[in-house]
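Sharing a structure with you now.
Labels A, B and C are assigned to the chains in the order they are written; within every chain, residues are numbered from 1.
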């Protein structure tokens, strides 16, 4: 049902404080996140191997976790190290430990074969941890399957229709087909819109007198990570790429991680590298993005309801769906490969 | 699951005002109702053929509707007439248009093959639009499958037991088997109860000194339309039909339309042709009927809960079930015929 | 799904007052409990055999019950004795009557073949009706399948971990394997813990200066009845059975009865035979037990959620699971035997 041999964003670093538990379901598996005393993030199956009680209702004992149903104690590698009233602990008494990597304030988890969990496969997100960029960390819980959200992010022609007063702007934006490059593990989408009025949320930030050139250039990568170079600048009408002089630039990072078949974690932020002297700008940018994402969510929930009512629906592919179709194909192939393996 | 080649009541006329959308699910299909600028009611599939977003979250543009996900625009015949970033609109990009007929303040919809949507098949309901009859329009949403409600309406022997203080009255009413005539597309039920005290709600309207003759004569027609001649008059004890001198007469019109497999729209009214000089009488009659229908609803929801718990239930047919059994058989036959076709 | 040829606790006697109905679902069957005029408890299928309406929405007429949908009337043996508009009542028009036995303030019901309903199979619970013992009757509704609750009661090593501030006490309690005896229809569990601090709730009752000997000796019997001799006394360290001089003694009676596949009735009480002169003691003991049972319920609901998310879970049996495993095996055998029969 979900790709397993892949890195999912599981949490923002600050969601796993010292000495507290973060229980979170990832791809239908309950996972307990906590930090060892050296700060290292540990991810154990949040299900005691004895009778299935969640370890997150247990307690920390140093770096180990004691289940507070019948008192089994587990080391951070998942091995049980104590069973009340039983001197010997058989080796099969253990819970899964999931590979995790904490990098740039995101915690990534690998839900498949641990031997294949190569950290080099994690996409670079330097803007999350670079003082030249500022942002607020965002999280939304979505009661919707993750692929409907991926669809949304793979086709920005929805911007003027879903977000007319926030991210959107002129409907001309939807009239331009983006360039779509097929990558091995995703797609690269490039769209320039030249010499148009700025989007509403840019007008609130900058007071340019005329039209702007606007760009959205992003990779959307398996299993659902969007990394975007976007911005606006006073128009130079230098087709096709416009120019970036006196620009507002962003490096949006977004990740959709399935929780269950019908719900999704959505991690996001919108780092910017300008206007640090403007009080509250970072927060204002964040709030604008959040407002827009609630617009997406309302639409996607309505779409989900319609599709639930009529599960026979077969969508009709249009020219704007190139990126979406390629990504859905990559997902299908990855699932097939894991089903065979 | 539902009969498709049939006319369902979909709405009261006033539920579809000028320029507003009425989204309503009929027989498991999401439908968008709106009026064209000439007033004509249009019913489109409320599911964009592109990615399944509901068109009812879109906007009117003249007589057409634009989907506010990716901007496709549909004419009132269901054809897509504009796709952003795509000059040619392939002919298969269209949504279903459902045949509709607005008549006597009811809007009827045909969920099956449009070519077979003959308006002559719509039962006559002249009392809905005749100044000689007055009523309030009623609507209830029922979280119950429609056939349990049909069962209820097909056997009025429940009146004294479910509605002792509203529509019901003497239990003698249940002691008389009605005459049941089998029609091609329904049943005709005729019941006279002579020389009995009036039902509670009639006593509130009329101050007759003695007993009354009471009648309920109705057709119950596929897919779930009840049209009834009912009333009471001071008893003449002229068996078997009583008389109607100085009578209170009604022409109840009711329609049950499946929303989903587990929910139903219930449209109803109780037109009367007397007492126009009594202030508030029409409203009082309506409120009495609504109170009684809530009694039915409480009972039928309890019945639904019991049947959900024990889905193996096989009812035992009794003499009072003649109309019910015939109607259930007509439904089964219609469904079989459509399954074969 | 449920054992049928067995006695289930269905109610406390006081839950079935004179002339009122108690509708309650037992093992997926809706049951109507009421008392005949001679006080005898009657249990009928709470589903009219005609169209499935619940009889508990009907009315008493002497010892019989009239369905208030279409007016059928049933005698306390389940036979229909009146059908409106139908002079003859065919013999198949009847509802199931379930064997019931009221004993010691518990009402037991037999959901299987009536001919096998031997009252001698009901476990003895004299403490429920003996002035030498006092208690408050307890009931909890559990939105969890009954076997997870049985598991809990079959392994008291959870006491110090789930109930550290109520029933629990020193974790040493979990370090002692109880003696488990396999009975034909259950298990007998015997555990003595000698020379340890008293459990918190015992400290609140008695002011002993030193350690205590503590025992829990119980039978857990099909389909889910726990009868327990438990208590504490100042330690005599007379291994292995301790002594009971100056003891606090209890005779806990508990019964878990499946409501549906995912919900359970839990009847319980904690009779004590000491401290009658202490005002409020009985109530205090009861409240302590209730507080502890809510601790169990929170844990078991979390366990249920985890198992629902990952239904593939296979528990790992440990030394502490001897009683649990035997009882689960008895349940499986009983279900198999009934499936074959």
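Everything that follows uses one rule, which is that contacts are C-beta pairs under 8 Å (C-beta built on N, C-alpha and C of every residue); 3 or more make two chains touch, one makes a residue touch a chain.
Please read these numbers as outputs of a predicted model, since none were measured by experiment.
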Copies chain C and chain B - interface residue numbers shared by over half, same or different: different
For chain A placed onto chain B, the superposition rotation in degrees, Cα atoms, nearest 5: 120
Distance between chain centroids, defined by C-alpha means - chain B, chain C (Å): 48
Residues within chain A bordering two or more other chains: none
Chain B contact footprint on chain C (complex, rising order): 25, 28-30, 46-47, 49-54, 57, 66-71, 83-86, 92-93, 260
In the complex, chain A residues that touch chain B: 151, 155, 157-158, 160-162, 171, 174-177, 299, 302-303, 305-307, 309-310, 313, 315-316, 318-320
